[in-house]
Amino acid sequence: MYLDSFRKIALKYRAIFFDAYGVLKNSSGIIPEIAHTFDFLKENNIDFYILTNDASRSPKQLAEFYQKNGIADITMDKIISSGMLAREYLRHKVKDGRVAYIGTKSSAVYLEAMDLVTVPISEIDLNHRHTEEIRVLIMLDDEGFDWQKDLNKAVNLLRRTNVPVIVANTDQTYPVSEDEVAIAVGSIAELLEKVVGKTFIHFGKPDAQMFNFAYQHITRHNNYHKEEVLMVGDTLHTDIIGGNKFGIDTVLVLSGNTIPDQAEFFIKTTGIVPDYICESITT
Amino acid sequence: MYLDSFRKIALKYRAIFFDAYGVLKNSSGIIPEIAHTFDFLKENNIDFYILTNDASRSPKQLAEFYQKNGIADITMDKIISSGMLAREYLRHKVKDGRVAYIGTKSSAVYLEAMDLVTVPISEIDLNHRHTEEIRVLIMLDDEGFDWQKDLNKAVNLLRRTNVPVIVANTDQTYPVSEDEVAIAVGSIAELLEKVVGKTFIHFGKPDAQMFNFAYQHITRHNNYHKEEVLMVGDTLHTDIIGGNKFGIDTVLVLSGNTIPDQAEFFIKTTGIVPDYICESITT
Amino acid sequence: MYLDSFRKIALKYRAIFFDAYGVLKNSSGIIPEIAHTFDFLKENNIDFYILTNDASRSPKQLAEFYQKNGIADITMDKIISSGMLAREYLRHKVKDGRVAYIGTKSSAVYLEAMDLVTVPISEIDLNHRHTEEIRVLIMLDDEGFDWQKDLNKAVNLLRRTNVPVIVANTDQTYPVSEDEVAIAVGSIAELLEKVVGKTFIHFGKPDAQMFNFAYQHITRHNNYHKEEVLMVGDTLHTDIIGGNKFGIDTVLVLSGNTIPDQAEFFIKTTGIVPDYICESITT
Amino acid sequence: MYLDSFRKIALKYRAIFFDAYGVLKNSSGIIPEIAHTFDFLKENNIDFYILTNDASRSPKQLAEFYQKNGIADITMDKIISSGMLAREYLRHKVKDGRVAYIGTKSSAVYLEAMDLVTVPISEIDLNHRHTEEIRVLIMLDDEGFDWQKDLNKAVNLLRRTNVPVIVANTDQTYPVSEDEVAIAVGSIAELLEKVVGKTFIHFGKPDAQMFNFAYQHITRHNNYHKEEVLMVGDTLHTDIIGGNKFGIDTVLVLSGNTIPDQAEFFIKTTGIVPDYICESITT
């Protein structure tokens, strides 16, 4: 397996999408030395954005982590999260009524900009008339509610009223320490979807809508061709297949989910082939 | 759609398997008038058993419900539950060590007969050396544990140790009132299975092992041919397809999951065809 | 179920996406009277496009059908087919080498514009050195190859070489007469995907990339907001969920797949809710 | 990974189930030296049976292969194939009418014993009145019919008439040479099942009905406890999980599908744990 130098590759592009977890940070915090990479990008006038399936925190909160870790260039306008697509959905398709959500109050910030009343699932009373005003159920985070009580409530809400369900994070799990993961809201959404037999709307990598949203975001001011944009990620099934399908070049980094020993095996068995492989973005 | 008289059909068989929920009881309690049907079976010397995907209570507890409701003939030896298959598995495949379980203490009765130490998931400490002695994880019930904390613990347990997981109830939901359901342990098991990427062992209708276990149970004393045994249930995807595949005749009753208006439509779209259709077992 | 007048709805939008089959044509040919609807759109200065998962014929061939049936306004530039996305993929991601395809020579027109050598699956010899030059396998149509011989060849090709597979039509079946359907290439692709265990790239409704491609196509000359665009289709699982997710309004017509008697039932059980329901586009 | 001696293990059991492909034979023919193993079993009075998902040839034809290769003890009564379960189904559930089948004439031998008219899918005319007499469709083999023409015919047959579909081989692929496989009828059945949206009845490992059929077959004359029976196979997802679930001990051999280098990795990632691992049955 041939490993490329990330910097050498980066120089061929005008804009880069970075996955966050496994590329910029891991369970121990920021990945060491990546600040130099961002300096390098700046020097070479290469634009960049963070593309993340995290809908549990606002772009502002997400950016603060990098700021605190000495990467001043990662400001909130550099963050593109799947939570932002939930907001887009509301903007286009929900004009009035109540928005029920599953997640923390902090995750509900994605819904706040709208002129809509947001209600956490825990505060919904299935027998109250307000239930009829619910226009959509949005799944944002695995925290902030009582799994047993509130997921059962969500099931019965969806059996009674026919509202669309938006899932703002398609991930199955997320890491919580070096050797432990937690079940993410994407998995919980699949459980509900199967139980109620309905089709939910899922936002997040590898879905094309996430890449398209990001692409439109960056081409608002600069007219980048797809050939000038690079996706960098640690996960074949989200970052790499999503980037490939969208028509941009892709780099698999081995600093996260895909460990060096198994990279070749996974590429061969999944049929998901990155354009480049790098040890990390610090190379 | 032609509806048969249940009694007329019953007379053609020597033994009958009844599903419990939707056939003998519903969210309001025992289905009225079924006591007469059991009298009729007795008079005509037709044997019967209850085949249920309920692993949350012991056969003794399950039988008590019928006893209290005036059907003295439904004794604990008439109950065949999917929880009994979990016990069978332990008997054949687990000789020593600890059995971790997800469910209530009451459901753990299925594991008690063995000379094994049983540990509820809530009491497992992933960092304690006892974890290494766990030989199997058994999923029995959706109650008796903290969903968020303990399901995440189960995920990390299964990432660290390679033990088989037994699911003693394959149902997706169960009814809790006339218009509400609850998520059953079968759905929770599928969530874990997907998240950890492993293959669990599932017991319960429509799986052939459940029907075979029941058939062996009843032929211990009487040599029934399969042609002499009838399966009666309210659910096409468990009772009817399972009975058909096992090679016994099947009756769909319309007193539960499958409502009269949609019976024909569901039979046509699923391709699961019962041998007979009856309004209920009281006809 | 309240049925809207299509014309009344149309007047609220500036551009309309029409699904083809079940909306404009059916197994008997063009749906009667729809020519008047296109006159109406012209008079009212409402733009329109045909959004189809058909990759078996070129936009030119697809347009000819409408031309022959007296709808002169449906010209080839009005056709947006999933086959065009396969061409986009090649344009962005494949620079040289050979493109293997499954489908008719006629469907291969989608690949022709490129400076690439195209080879039908039937002409591939797994033991020839040319096989190493294959960069991608594209599935276009269910016709034009020997299913048994060539699908087995595709399986063994994908076991030997690690090339991406592009599926240019996600449909499961298509109608061939009033009461018969044929297996579409989307189903065949899923068979191969399961057998080789790899992840293919699928293009076509309901995928966001199809809607995005269409939206970019129409906004090249006119700056339509999403609120000004309407999707009209006969299938909940492709046209309606796809349009809803993309953030545009949707009309379900009852002139195709979704028959009037079952429309309400299907909307309720799938949770896919169109903004409007019309008998057909002639109302 | 500790490798056991197969003979040492065998001595602990009274009866052994052998998978055929990857255990007794491979693409080059019989696996060398296994005749000695069968001599060893005979000397030690250990009974054995071949458990195979092959429904394309009769037990007699399957046994002939071993006879020709010098293993006289593998007679036709030692063969237990998934095709035999299809025959059992007919025996119990189909009393009259026509049986349509997909497969070769040779595979139809499984249906012959019955007093039923068997019709290959190729000879069915959907518009003939005989179609109404079809009681079941049985899928036996991937050979003997025109895939494109006859699979489309099967789809339309199943849309018109509501007959159960029996799949007599659940395998996805089978090897045809050292480095090529062919799509098996199990994969084809899944394609049809998805296209018509119906639930088929599948027979074959890992399904419990196959193990139960085999177990009843061998206990007809000898009263073996499950603890006295051993399953030997090369595939975790069929032989090993099936044997484990049925409650018998299991041996994974590394002479077929599961190659030595990856055995530990696959056991760990699938969670399917054999009781023993042997290089082959000749050890």
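Descriptive notes on the structure:
Chains: A, B, C and D, in written order; residue numbering restarts at 1 for each.
FYI, contacts are C-beta pairs under 8 Å (C-beta built on N, C-alpha and C of every residue); 3 or more make two chains touch, one makes a residue touch a chain.
Everything quoted here is computed from the prediction, not taken from an experiment.
Averaging Cα atoms per chain gives one point for each, and the point farthest from that of chain B is the centre of C. Note on chain placement: the centre of chain A and the centre of chain C lie 28 Å apart, centres being C-alpha means. For this pair, chain B with chain C, the centres built from the Cα atoms lie 44 Å apart.
Not a single residue in chain D touches at least two other chains. Listed by label, the pairs of touching chains are A-B, A-C, B-D, C-D. Against chain C, in their complex, chain D makes its touches with residues 142, 146-148, 151-152, 155-156, 159-160, 172-173, 179-183, 187-188, 190-191, 194-195. Taken in their complex, chain A has these residues touching chain C: 88-89, 91-93, 158, 162-165, 196-201, 207-209, 212, 226-227, 237, 241, 244-249, 267-273.
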